[in-house]
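The next part holds the structures, each set out as C-alpha cells.
Both complexes below contain chain A, partnered by chain B and then by chain C.
Up next is the complex of A and B:
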C-alpha cells in the first residue's frame, strides 16, 4: 500500500535558480512596473488643478452620455435582434436570405462607416425625411449614434441568440411537445432558460465591445467620454486628457468583465460537479 | 456647374472619384497586410508567455492583453498618435534640442493595430496551445529534439491549423479597424470617400461606396481563407 502512495504523481518541482525564462519574465514585469510608474509620475508631475477643475465635470457628464448611449442601443438592439434571429432560423428562403444579408452587412462593414452613413449620409435625404417628420430625430448626432449602434448590435445579438437557441438539443423541443406544450410555451419555459446560460458570455462580450466602440461617436461630434477628452486636448494640448480617459475606459471594461464572470459563476453553479 | 450624374461622379479620372477611392483601398489593404505579420508574431509570443510555468511571464503577458483589449481602439490610437511624439521629444531634447518629431499616420496605425490584433490573436493561440496534447511535446523530446525544434517542427504546424478559424475572425476585425486610422489623417478608403462626400455633397453615395468596399474586402478574404483551409485539409489527407 505504501508503494502506491509513494508512486502518486507529484507536480514537477519548481525550477530553481534563474533559468532564462524567469529572467525574461522578471524583466518584462519590471518593464510594466516602470511603465505604470512612469504614467503615475507623469500624472503627478503634470497635475494641474485648473485642468482638473475645468474638465472633471465634463468627463463625468461624458461618462453619463457614453453609458446612456450604450444602454439605449443595447436594449433597442436586443429588441430588434429577435425578428432577425427568427428570420435567420426560419425555413422560408426569402426571410432567411434577408436576415442573412442584414447580418452580413452589419458585421462585415466597420461601425465607423455605418455611423458616417447614418450621420452624414442621411443628410442627403433631408427633404424626404422632413416630409415624413423624421428629420428632427436624425438632426441630432446622439440620435444618429444610437440608431447606428442599435442596428449594428442587433446584427451581432441576433447571431448570439441564434447560436444559443440552436445549442439547445432538439430533444428538448420534442420532449416539451410530447408533454403538450405549444411552441411559445416551450420557448419560454424550456429553451430560453437553457439558451440564456450559454448566451451570457457572448452577451457580456458584446456589451464590452459596445462600451469600447462607443468612443467613435466622438468623431460625429457627440460629447461622450471620448468627445470631452478630444475637446480637452484641443483646448489644452495636454496628453493627460487622453490618459485620464484611457484609465476610465480600462476601469469600466474590467469592472464589466469581472461582473460578468461573477454572474456566470453564479448561474452555472448547478452544472459544476 | 451642371448637375453631375452619379455615373460621372463614380467614373475614373479627373471628374470622378473612383481613382481616389481605389487608391484608398490600396492603402487599407497595405495597412492590414503590413500589420498581420507583426501582430501574429507578437500574439504568438504573448500566448507562449501566458501558458508558461513561470508566473512572472504569465503576469506580464496577462497585463498586456488586459490593457490592449480593455482600451477602446480609438483611445489607443489617439494616445499613441499624440502621446508618443511628446515622449520622444522629451527624450530627444537631451541630444538635439532643435529636433522635432512627426509621427507618420501609417506607421502609427500599423503599430496600434498590431498591439490590438496581437492581444486578440494571443487568446486564439492560447486556446490552440491548450488543444495540443502534452504527448506531442514529450514525443518531440523523446526523439531528441530540443525545445526550439519541438516548437518549430512539431507544435507550430498543428497550432496554426487549429488556430486558423479564430485567426480569420481576428483578420476580419483588423480589416474593419483600419478604418479608424482615417481619423488621424491616413488617406485610406474611408477618408477618401469622406473627402469625395464633402466636395460633391453626395454623402450617402460615397459612404455607401466605402461600406461596399469593406464588404467586398470581407468577401474576398473569406474566399481566400476557405481556399487556404482547403489546401491545409488536402495536405492533411495526403499523409
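Up next is the complex of A and C:
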C-alpha cells in the first residue's frame, strides 16, 4: 500500500519545450512584472519632495487614527462577540433567534451603509439621544466609526468563535465531563485552547479586512489615513496622494499577514511532524 | 515635465484627439455632479436638472452640437475628465490656479459669493476667524469654500464632507456650529423643510480672488483650445441674445453672472 502511495505522490515529469500553458504563464508573469515596474517608475519619476514634506506628517497622523480605530473596534467587537456566539449556540429558541438576526443583519449589509446609518441616522435623533445623555458620544465622528465597526466585527467574530468551538470534537466535552470538570472549566482549559488555534486564521483575516474597511470612515469626516489622502488630493489634484496611501495599506496588511503566520507557526508546533 | 508622464500624456493625447474628433462630430459629453442644487441636481427619477444643466444645454444649442450628461462624484470629477469619460465639466466649478494646472477653463459663466449658515438659535455674532474660534465648521472638500475655511478658520475645527447635502445634514443634526458654502446653494436648502433649522449668518469678507477665483467656469482637458474658444463664444452669445437671462430668471431673483469681466 505504501509503495503505491509514494508513487502517486511523485509529481509528473516536467514538460519539455514550450507548451502553450508555459508560454501563457511566462507572458502573464512578465505582464505583472511590467505593471509593478510601471508603478515603481511612476513613483520615482513623479517623486516630489515638496509633496512628501507637506503631507507626510498628515499621513502619519492619519495612520495613528486608523490604527487606533481598528484596534479599539476589534477589541470591543471581540468582547461583544462572546454573548452573540453564546446565543448562536444556545438551545434557547429566542436567544439563538436574536443572535441569528444580529449576525444576519450585520453580515448581510454593507459596512458603508451601517456607518452611514449610525452617523447620519442616529444624528437625526439628537433630542432623544440628548435626553438619555448619549449625544456627547455620538456627536463625535470617530466614536460613531468605532461604534459601527465594533457592531459589525462582533457579528463576524461571533461566527468565527462559534465555528472554532464547534470544530472541537464532542468527545472532548464528554471526556472532560467524565473527569468531573464543570462546563466553564472545560471551556477554558480544554476547548478554547484547541478552538483558538483553529480561529487564528479567520481572526487574522478579519483584522486585515477591518484595516482595509476602515478607509470608509473618511466619508464621515474622520481624518484617518484615507481621509488625509483625500485631503492631500483635494489640495494638489495629484494621483500620488492615492498611490502612497495604497502602499501604506499594503505594507500594513503585509506586516499583519506575516505576524499572523509567525504566531500560527508558534502555536501549531505540536501538530507538526 | 517628467519622462513617464510625458509618454503617458502623449499616448493619451493621441487617443483623445481621436476620440474628441469623433465626439465633436456627434455629441459633446458633459460631466456634472448632481448634488449641488439649484445648480445641478439629480431628481428622484435619476434625471439631471438645474442651472448648470440648462446653461450647458443652451451652449450646446448655440454651438449646434448634441449633448449628453454624465453624473460623477465631485472628488473624482477632474480625473474622470482626464480619463475621457466626458469632454467638459459644467458643474459650478470655480476657476482656481490649482485646477488650472490640470485642466483648461472657459471664462466664468456665473459668480456668486460664499456664505456661512448656522442654526437659528446660534450665538455666533459674525463670520471672522475670531468669531468662530473653537467652533466646528463643516465644508465640502475639494471646493474653494474648503480652501478658504481651512486657511481662514485656523482656530476652529474644519470638517470635510464629500458633498453639500452631508454637511447640511450634519448642521441640522447639531454636530456643526456653522457650514460654509455658496450662498445660493445655502439659500436653496434653507428654503426646504430640512433647512428650517438654520439661517444665513453672513458672508466672509473680503473673498479673495486667489482662493475663490473669478467664478465658475467650464473645464475641459488641457490643450483643447478649440473647444474652449467655441464655448467662450457660446457663453458670450447666450449672454447677448437673452437666453442666459431667461435661464437665470428661472432659478434666481438676481443676476448670478456678477460683474462683467
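As a convention for this text, the second predicted complex is superposed on the first by the 260 of 273 C-alpha atoms of A that agree within 3 Å, B and C clash if a C-alpha of one lies under 4 Å from a C-alpha of the other, contacts with A are read in each partner's own complex, and residues count from 1 in each chain.
Here is the rule we go by: a contact is a pair of C-beta atoms (placed from the backbone, for glycine too) under 8 Å apart; a residue touches a chain by one contact, two chains touch by 3 or more.
Keep in mind that this is a model prediction, so the values were computed, not measured.
*Asks:* Between chain B (first) and chain C (second), which does A:77 come into contact with in this model arrangement: first, second, both, or neither?
*Replies:* Neither partner.
*Asks:* Given the touch rule stated above, what does A:239 touch, chain B (first), chain C (second), both, or neither?
*Replies:* So A:239 meets both chain B and chain C here.
*Asks:* Touching A:87 in the superposition: chain B (first), chain C (second), both, neither?
*Replies:* Neither chain B nor chain C is touched by A:87.
*Asks:* Have a look at where A:123 lands relative to chain B and chain C in the superposition and call it first, second, both or neither.
*Replies:* both
*Asks:* Please tell me which partner, chain B or chain C, touches more residues of chain A.
*Replies:* B
*Asks:* For A:21, select first, second, both or neither according to whether it touches chain B, chain C, the two together, or no partner.
*Replies:* It touches chain B, and chain C stays clear.
*Asks:* So, A:221: does it touch chain B (first), chain C (second), both, or neither?
*Replies:* second
*Asks:* Which partner does A:145 contact after superposing on A: first (chain B), second (chain C), both, neither?
*Replies:* neither
*Asks:* In the superposed view, which residues of chain A touch chain B and also chain C?
*Replies:* Shared contact residues on chain A (touching chain B in one complex, chain C in the other): 120, 123-124, 219, 230, 233, 239.
*Asks:* Contact residues on chain C for chain A in the complex?
*Replies:* Within the complex, chain C touches chain A at residues 2-5, 75, 78-79, 98-99, 101-102, 138, 141-142, 146-147, 159-162, 166, 169-170, 172-175.
*Asks:* Spell out the residues on chain A that touch chain B in their complex, using ranges where they run on.
*Replies:* 14-15, 19, 21-22, 24-26, 28-29, 31-32, 104-105, 108-114, 116-117, 120-125, 211-216, 218-219, 226, 229-230, 233, 239, 242-243, 245-246, 249-250, 253-254, 257
*Asks:* Note which residues of chain B are touching chain A in the complex, please.
*Replies:* Interface residues on chain B, with respect to chain A: 49, 52-61, 63, 66-67, 69-76, 78-79, 82-83, 86, 172, 176-177, 179-180, 182-183, 190, 194, 197, 201-205, 207-208, 210-211, 214-215, 218-219.
*Asks:* Quick one: in the complex, what on chain A touches chain C?
*Replies:* Residues 41-42, 45-46, 120, 123-124, 126, 135, 139, 141, 219, 221, 223, 227, 230-231, 233-237, 239.
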